[in-house]
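Each of the two complexes below includes chain A, the first together with chain B, the second together with chain C.
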Partner chain A sequence: MNVLSVAVAITVGVVVLVGYFFPVPVLSGLRVTLVQWAMLLAAVAVFLGVFNLLSVHMEKIRRRQKGAIYGGVLVVSLLVTFLAGLVLGPEHALMRVLFDGVIFPVEASLMAVLAVTLLYAGARLLRHRSDWMAVAFLGTALFLLVTAAPLPGMGEIPILGDLVRPFVTQVLATAGARGILLGVALGTLTTGLRVLIGSDRPYGEK
Partner chain B sequence: MAFSMEFLSGALSFLLTLLVLSYLIGDNPLFRLATYTFVGVSAGYVAAVAWHYVLWPELFLPLLSGALQARLLLLPPLVLAILLLARLLPPLEKAGRIPLAFLAGVAAAVAVGGAVTGTLLPQARAVLIPFDVRSVITTGASPLERLFEGAVALVGVVSALVYFHFGARRQKEGNVRRSRINRLVAWVGRLFIAVTFGALFAGVYAAALTALIERLMFLWTFLRSF
Partner chain C sequence: MNVVTIIGFLVVLLSAGALLVFSLSGRRAQPPVFREIPAMSRLKEAVGQSVEDGTRLHITLGSGSLTTLRGAPGLVGLGVVRRLGALTALGDRPPVVSGGDAALVLLAQQTLHDACRAAAAGEVYRPEAGRLTGLTPFSYAAGALPVTRDEDASVNVVMGNFGVEVALLTDAAERQGAFSLAASDNLTAQAVLYATAREALVGEELFATGAYIGAGAAHTASVQIQDILRSLLIFGILSGVLLTLMGLL
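After this line comes the complex of A and B, so read on.
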């Protein structure tokens, strides 16, 4: 089984990668088919994840652990939404109510809470770590927030608003972001290649 | 009916917004109730969407009523899906590694392809654009200004990459340290990264503030509708 799963990962990965870089019709067709199969498997994996979530909270309720009541709320809301979605379909008015009445407001409210927690985190950062990096981080954030819009009674701050701000966002911040992106891409490339040569086996092999 | 559905949605939204915003006075059972409801509804919604938009139309419907060729083509993913579900049964858990290996292989190949063509090449090209004086002139920008900006950006990109390089040598005293030049360039890189995260922080903070204003406006509008 070990050899088989490593062989599957390497073969499938190499075929998809070769099909990606060499646009030969046969290889491209094979790549598209394999990616579609992976998409179907990912959808099945969603069900596996949801089942795992359910079983963890059912166990919590069965053992009457601390916070089991919240687990009960989660199980009921999950089952009601899933069954309603399965029978009525995601486009049904009831599903729209669940989306507009639960998912959207909670997401937006969590984002709103972030406005206060971020402010608190910024103040804590300066209190606990007042080195050059913390000053550069908070100084940039404060400067960009202050110059984001014309100030009441003052309008746009000369030089800072039209000269320094674009330099900070389009040159300094973009350069750092490019460095991070290139670093992440190099890391992804290395990890991906390690999986493709069988050196890393994230599917459970030793 | 339309009104009642709209009212139900608004009332749920009002209640859950209040429960989540109650976190501002500290972690409390009402906030936890809202978040657990959110996780349950989201998971159920995602599973329903996965069934209606992926599994039923792309796998089960063609298997039940498609042409013979389409059915044969969908047999391997069906077998892999069954093996994946077999992970739920401890004696068959090992068989579930094959679909996971399949997913890992495809994901690794897509990630490698995406990293090369989607990030490495375009970002490296973007760093070099300001040094192509002829194309800068065609845009009407000042070549000297663009060259200066390009040079600063090049220093930022290279130093940020050096910061992520953690290779070190053993010194004469036995300590393992980066070389002096490496440390200096990495310090400059950290500065650029701090500025980048500062800019990201400002962006996220502005978005969060907008969300807070929108939620408060919603609460006020809902209350005034009575």
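After this line comes the complex of A and C, so read on.
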């Protein structure tokens, strides 16, 4: 069984990769079909994932663990939304209200909490990292914040706002970002290749 | 077919060949010595300490879908689950893995099960140890927070594709006084992690994690190949600059 799963994974990976580089009709068709199957499997995984979420919180309630009440709220909300979606359909006005009135405001609130969290993290950064990198990081962030805001009655800060700031964002930051992205691309390539040659088997046994 | 496509295919083909050769030769030879990344040494210490203390290891894999380009960091995270899961499976509190992509979480459950069996502790594994905590980035982060806060997690490995929401996870770990090692392929998340996590990996260090935690010869080989490809890229860029300055390009 293990050998079979490895053989299937490698064959499918090679077909999709070769189909990407050489768009021959047979290979391209096969590639599109295999990718569509992967999408279908991912959709089934979402369904299984929701059951996993449900079982984790049911277990929490059953054992009366800390935060079980929130688990109860989650289970009830999930079941009500699921049933409403099944009966009314996802395009129904009530389903839109659920999204616009619950999910959107909650995520916006989390975004607001995040702004405070980042401010606090910036303030305590030098307590954790007292090296020159942290000083440069914090200094650059403060410099960009200050020069991005025009002064009252004066507008953009001369030299700093129109010369130094663009140099930092368009030359230094862009060069650094491109270097990091090249490294990430190489890492992505070798990670994919490890799966393709069967060295990493996230589908089991290795 | 254009030249760029052929070059791309050759790079992939040669890299795959080199990966196979380096992996096979690496099993017999002494492993190469890489530069020290202090965060990795501290991770090993923290994991050992958590097993001794009877506290939990929490690995969170982000919400990058495996069917997109953002899936690679999740695969790296699965390698970490396999290695650290085996090391901590026999502790008082078995490890927990959370994620925001359903397919990734299913693979994490399988990987964690394999890790427990490899540590001769297959009976310790529970499917609830791999959790889908939410399907949008913020709901995922909000769902993963209680694991850090309420389940006695002293080590948090935050490794995958994240956005700025990752700050909520690393900040929660910090408030609990827990160790956190964080890495992402996303540039914005890397900046946020540098400010909020106890230990943050920058750039391609994420993809070297397996080699540093002893995940196997293939992980070591892939770091060697990354180094070779990076050297070729640097040579190519510098050559391009020189040729442009000389007016030949």
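Here is the rule we go by: the second predicted complex is superposed on the first by the 204 of 206 C-alpha atoms of A that agree within 3 Å, B and C clash if a C-alpha of one lies under 4 Å from a C-alpha of the other, contacts with A are read in each partner's own complex, and residues count from 1 in each chain.
We take it that a contact is a pair of C-beta atoms (placed from the backbone, for glycine too) under 8 Å apart; a residue touches a chain by one contact, two chains touch by 3 or more.
Fair warning: this is a prediction, and the values are worked out from it, not measured in the lab.
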Which of chain B and chain C A:Ser130 touches, first, second, both or neither: neither
Contacts of A:Ser77 with chain B and chain C, given as first, second, both or neither: first
Which of chain B and chain C A:Gln65 touches, first, second, both or neither: second
Chain B versus chain C as contact partner of A:Val184, first or second or both or neither: both
Chain A: partner with more touched residues, chain B or chain C: B
Partner chain in contact with A:Met111 - chain B first, chain C second, else both or neither: both
Contacts of A:Leu34 with chain B and chain C, given as first, second, both or neither: first
Touched partner set for A:Ser199, first chain B, second chain C, both or neither: second
Footprint overlap on chain A, comparing chain B with chain C: 17, 21, 35, 38-39, 41-42, 45-50, 53, 67, 70, 103, 106-107, 110-111, 113-114, 118, 122, 137, 177, 179-184, 186, 188-189, 191-193, 195-196, 202-205
Chain C contact footprint on chain A (complex, rising order): 17, 21-22, 35, 38-39, 41-42, 45-50, 52-53, 55-56, 59, 65-67, 70, 103, 106-107, 110-111, 113-114, 117-118, 120-122, 125, 128, 137, 177, 179-184, 186-197, 199-200, 202-206
Residue numbers on chain C that touch chain A, as the complex places them: 1, 5, 8-9, 11-12, 15-16, 19-20, 23, 65-67, 69, 72, 75-76, 78-79, 82, 102-103, 105-107, 110-111, 114, 127-128, 130-133, 135-136, 138-139, 141-143, 146, 150, 164-165, 167-168, 171, 185, 187, 190, 192, 194-196, 198, 202-204, 206-208, 216, 218-219, 222-223, 225-226, 229-230, 233
Interfacial residue positions of chain A with respect to chain B in the complex: 1, 4-6, 8-17, 20-21, 33-51, 53, 67, 70-71, 73-86, 89-90, 93-116, 118-119, 122, 132-134, 136-142, 144-145, 148, 167-186, 188-189, 191-193, 195-196, 201-205
Partner chain A, residues of chain B touching it in the complex: 5, 8-14, 16-17, 20-21, 23-24, 32-55, 58-59, 73, 76-77, 80-81, 84-85, 87-88, 94-95, 97-120, 123-124, 126-127, 149, 152-161, 163-164, 189-209, 211-212, 214-216, 218
